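Chain naming follows the written order as A, B, C and D, and within any one chain the residues start at number 1.
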Amino acid sequence: MAIVAAVVAALFHFVPGLPTYYVRVIDTVLIYLLLAIGLNMVVGYAGLLDLGFVAFYAIGAYSYAILASGQFGIHLPFGLILIIGGALAGVAGVLLGIPVLRLRGDYLAIVTLGFGEIVRLLMNNLVWMTNGPQGISRIDQPFLFGFALKTPRDFFLLLLPLVLVALMLAWRLECSILGLGWAAIREDQDAARGIGINTTLVKLLAFGLSATLGGFAGVIFAGFQRFVDPVSFGFWESLTIVLIIVIGGVGNLVGVVVGAAVLIIVPELLREYSEYRMLLYGCALVVMILVRPGGIVGRRYNPAWIIQKLGWR
Amino acid sequence: MIRKLLVAVLGGAALAASPAFADIKIGTAGPLSNAEALFGTTWQNGMQLAINEANAAGGINGQKLVLVRQDDQGDPKQGTLLAQKFCDDDSILAVIANFNSGVTIPSSDVYNRCGLPQVTNSSNPKVTAAGYDNLFRPIANDFMQGGAPAAYALQTLGAKTTAIVHDKQAFGEGVATVFRQNFEKGGGKVTSYSGVTATDVDFSAVITQLKTENPDIVYYGGTMPGVGLFLKQLRDLGMKSTFFAADPAFLPDLITTAGPANAAGAIVSFQAPPYDANPKLVKFKGDYKKSFNEEPGPYSAYGYNEAAVIIEAMKRAGSGVTRETIVKELRKTKLDGLMGTVEFDDKGELKSPTLFLYKVKDNDFVLEWPKS
Amino acid sequence: MTLRFEGLTKRFGSLVAIDAVDLTFEPGKITSIIGPNGAGKSTLINMCAGSYKVTDGRILLDGVELQRLKKHQIAGHGVARTYQNIRLFDGMTVQQNLEVCLFSSYFGRTFAEVFVPGMSRRLKSERAALCRDALARFGLARFADALAADLSYGNQKLLEIARATMLEPKVLMLDEPAAGLNHGETDCLKETLRSLVPADRVVIIVEHDMSLVMTLSDHIFVLHQGRLLFEGTPAQVQANLAVQEAYLGSPGDVDDIRDAARSRANRVRLRADADIERRGLASV
Amino acid sequence: MTGFLIQQLVNALTIGAIYALIALGYTMVYGVLRLINFAHSEMFMVGGHVAFFLLAATASLAGGPIGVLVMFAVFVATFVAVGLLGVGIEAAAYRPLRHASRLAPMLSALGVAIILQNVVMLFVSRRPLPFPPFLPAVSFKVFGAVVTLNQIFIVAFAVALMLALAWFVNTTTLGVKIRAVSENPQTAQLLGININMPISLIFFIGPGLGALAGTLYASYYGIVVFSMGFIVGLKAFIAAILGGIGSIPGAMLGGFMLGLLETFGAGLLPMLTHGLIGSEYRDVFAFSVLVLVLIFRPAGFLGEAVTEEGMVYKRDF
């Protein structure tokens, strides 16, 4: 416990001292981490491959953009929209979940992919609401408990605790009976029904919860950028989030953390190669997957292992 | 431990980034690895040219100029990250960023916070809406880009009807909207206003639809290769309407893509006078070909111009060249540039934006309007 | 407490797998269903467990019409089963395989478990305690933290039975529990099965291993081509000629040999299946 | 009006034929490895470029239509070249991952796609390269619709290729082996079929067809550009799904269906709704259909029905 506290304290003390660019990079990592934790619930825990996760991210982002900007002259507080955006995304998650209950594997993946694209295209087409490809700019400066969230540092101080809480809750969820239920569905849905698990309910919970996290991340992203446009929510974003959890180690929160760090920081390290960057990134991807197909972090190095290593229960 | 790790990881980036000492650096971020790579790269080549010339002429009071070229992939998120990177790097005194309006708008917040002089190539009117005093746009915005062709179409060509197609991107839809407004204001009739997908290659369905409307003008708001393909298919399907496109189409590739016969008669708006109009441009075109052995891209001249504006300001700032002084000097800019005089109004917009309309005639762009 | 099948019928297209069968199962007894391959034994279990839709007829458990319910609801009413070719949660530990069976009783407390400090640990140890004696009874305690997939074939069979009993079922259906086990394993299986029959539980076994059936069951149903051919005690069944004609083909003691042979065949076959499954089908 | 409809139909068939050709590659690979081969779209793109440079080599870029002989020579060469590339990629990036999770190869395919695209962009050309038409620009008027020789050729050639493939898979020994492997790799393996050979073959034919599609596409639209793969690839993949992933006739049907869907979405929707729903809703329309089809008939139109359990081919991870 003490060690964890120390590490967290160190982060709080140390990171804001870094040059702003690094803080911004870390913020980006944290936002993606939030997304990855969410997606991991569906893909990692319940074994439902979702390629349209970015849709919920977009819903969250646009909730803030629309409810706190000149777009309609509505200016709701950040905290409130955080809840609204999360809720909207969560509802969307469940609504998507209902029709695809019967689908699994790639079939599910493709339907979710289609759903994600549809959402993006609507954001691009419903000009009266989303201002279309022009995007919504001059979004309100977020305030939380009277503090203005202006610089990347402010956002770091918001994001870090949020992510830590999300991680903790996700872990407790993983260990909870619901987490076990998800695992059972992932392993053998029919047998899971056979031991009395209401797969419908449990799946919808997975969709809803993960979507909610996606929504949160979206709201924060919008507040962070103070500009949203459909470009930021393409199919590629969905793939990036999937990549994060797969490269890190599917279903393993430690892996998810590592994955987020690697997949955001590596491209930043490659910046200096300017136009060769994406080429190197592609090579890095293939190599990483070939070297560790199961993800960078092995299954056994999960939070439980850390907790035990820390000698804390 | 964590500290070490962070230092190691992020420090790596810092080292990689750290400059050769005592150079003055100008940062630039644009799309270098996505579908718009052609534009981004040739645009930055233009800047490189201007900077090479400046260095050949002894640089800024003895210091060498360096262009730091970055790839934002037209992605707002990366745009802001890069903005922060430039802000933190004290050796960077000015930036030319970004190419896409959707990236410039969020990144300008960041540049403004650290008072880094920013010269942008994004033409969307919204870009200057925030009224940041460190943001300058030495090119015409979409109002000009979409307005002049409308006037020309109505007055010179006496067109009555137009069909407008755009690629649902910030730029394409932007100019298309302005064109539409002006055309209607001028008493013309818009028979249809439709969006296609930027990545599309097959427009036959839409064109077949347009055919039933048979408008005098077809305006396409979008970039290459879309424009070329659209024009080609427009003619293949036997439509004779005069074709209008914006400056991304000011590119030999338009003619090669659409085919000389199809391209003939197409009207393309561009902000620079013909490359043979004045010695500056002739030289520019020659130098560009020499350095990069290809034709200048549609934005190469703009990039050159934008860099030139900054270099001028730096020269005037003299010994005490800092971000602040550069911003001050940029405001006072009065440069007889590649594409005419550059002066900024208090919003940082080009005071007297120019626009030229070119007509495709036997494999070349020939000045059509204004007739000099 | 009884389980009754009334006019239970299952058709696959034109094929009639089960033809208006009426059966009654007594609690506190082990009832075996035997019959040649394709007699419809497994089909009965699958219908009872809700894996197959019932074409016609009713399945009554304490007056509840099971055939109207969804699979997980049937399980909720206390019907548990094992599968012909083992279906464990391979990626989960042995412990977890049992723990997850407590889903329906703990699901309501999920919110508290996640959000109330300390609750997570409390409920977890509570569940662990519940798993412990099951682990002990089936001699799996030392594998508690091993992945189910890594267990030996015999232990996997045991684990599957353990998982079924975790539900404290009123009806426990075992589909070929001894298939693929060697004699030693079969013997200790017998012991375990005997210990699984409290007074209020219906235990149904579908099995080819005659020696097991005859020594273990209190009552036997003999199915033939989807119909009930005969029912009675092991002695009566063995005495009955019709059964021998239909099922064993020829009288008496040859059986054990043939069954031994068949069960060895089973063992080989099922091992292969299990291996392939474990390796993952697309390990192409 | 009839002219309008027929014109749209012709447009639909042409683009549909190209989708279908690419879809074949996706569906064959998926049928055997259950792998969404994200790199396939780039095979299509590379194919276009290879053909371009072959033509350049044969100095046929001089302009004007190209002789039939040259044309087919180019087709064959392109097919082989890209086919070999495909085999190489499979051996390097997918085969090592066969025993890994199902997501791993999918994502390494993604990486390969990024690499191919950037290699072409960096070392071949950023500019769209002008691709000559194979046939003279002859066009016929059919009930007021303009039909070019090129269009007729593309549809005919695509269909011919598909029939050839169908024949190959259904009658030849190799084809049968391929089918065996795709039916059930285990059994095939247990039967002692060396599964590597059929798989390599699939990774030769699939990309080859993709490359031909790229060539036809390039000559039809008159350009090749490094970024042309991704979207067309995604669409073709959707086509494969619509038709029934894993089914070869399905891929063909799906391709033409998607072509029709798109043209309908872009051309007719605006007219029927009087511009209420503009052509920009074309993709929304297409994707919605995809989603609905998958929800109500997961196996697509020609794929054999799948059970809920059947959808999980292998643990995802």
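What we mean here is this: a contact is a pair of C-beta atoms (placed from the backbone, for glycine too) under 8 Å apart; a residue touches a chain by one contact, two chains touch by 3 or more.
It should be emphasised that the depicted structure is a prediction, and the values quoted were computed from it without experimental measurement.
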By mean Cα position, the chain sitting nearest the middle:
A
Distance-maximising chain from chain D - centres being C-alpha averages
C
Compute the distance, rounded to whole Å, between the mean C-alpha positions of chain C and chain D.
48
Roughly how far is chain A from chain B, going centre to centre by Cα mean, in whole Å?
34
Approximate Å spacing (C-alpha centroids) for the pair chain B, chain C:
72
I'd like the Å distance between the centres of chain A and chain C, where a centre is the mean of that chain's Cα atoms.
42
Junction residues of chain A, two or more chains touched:
124-125, 190, 275, 278-279
Residues of chain B touching at least two other chains:
33, 37, 41, 168, 195
So chain C residues touching two or more other chains come to 91
Which residues of chain A touch chain D in the complex?
43-44, 47, 49, 99-100, 102-111, 114-115, 117-118, 121-122, 124-125, 189-190, 235, 239, 242-243, 246-247, 250-251, 275-276, 278-279, 281-286, 289-290, 293-294
How about chain B: which of its residues touch chain A in the complex?
1-3, 6, 9-10, 12-14, 16-17, 32-33, 37, 41, 69-71, 73-77, 80-82, 84-85, 87-88, 101-102, 105-106, 109, 113, 124, 126, 129-130, 168-170, 172-174, 195
Complex contact set, residues of chain D against chain B
4, 7-8, 11-12, 14-15, 118, 121, 126-128, 130, 137, 139, 146, 148, 217, 221-223, 225-228, 230-232, 262-263, 265-267, 270-271, 275, 278-280, 282-283
Could you list, by residue number, the parts of chain D that touch chain A in their complex?
30, 34, 36, 93, 96-97, 100-101, 103-104, 107-108, 110-115, 117-119, 122, 234, 238, 241, 245, 278, 280-281, 283-284, 287-288, 290-291, 294-295, 298, 306, 308-309, 311-313, 315-317
Per the contact definition, I'd like the list of chain A residues that touch chain C in the complex.
169, 172-173, 175-178, 180-181, 183-184, 186-188, 190-199, 313
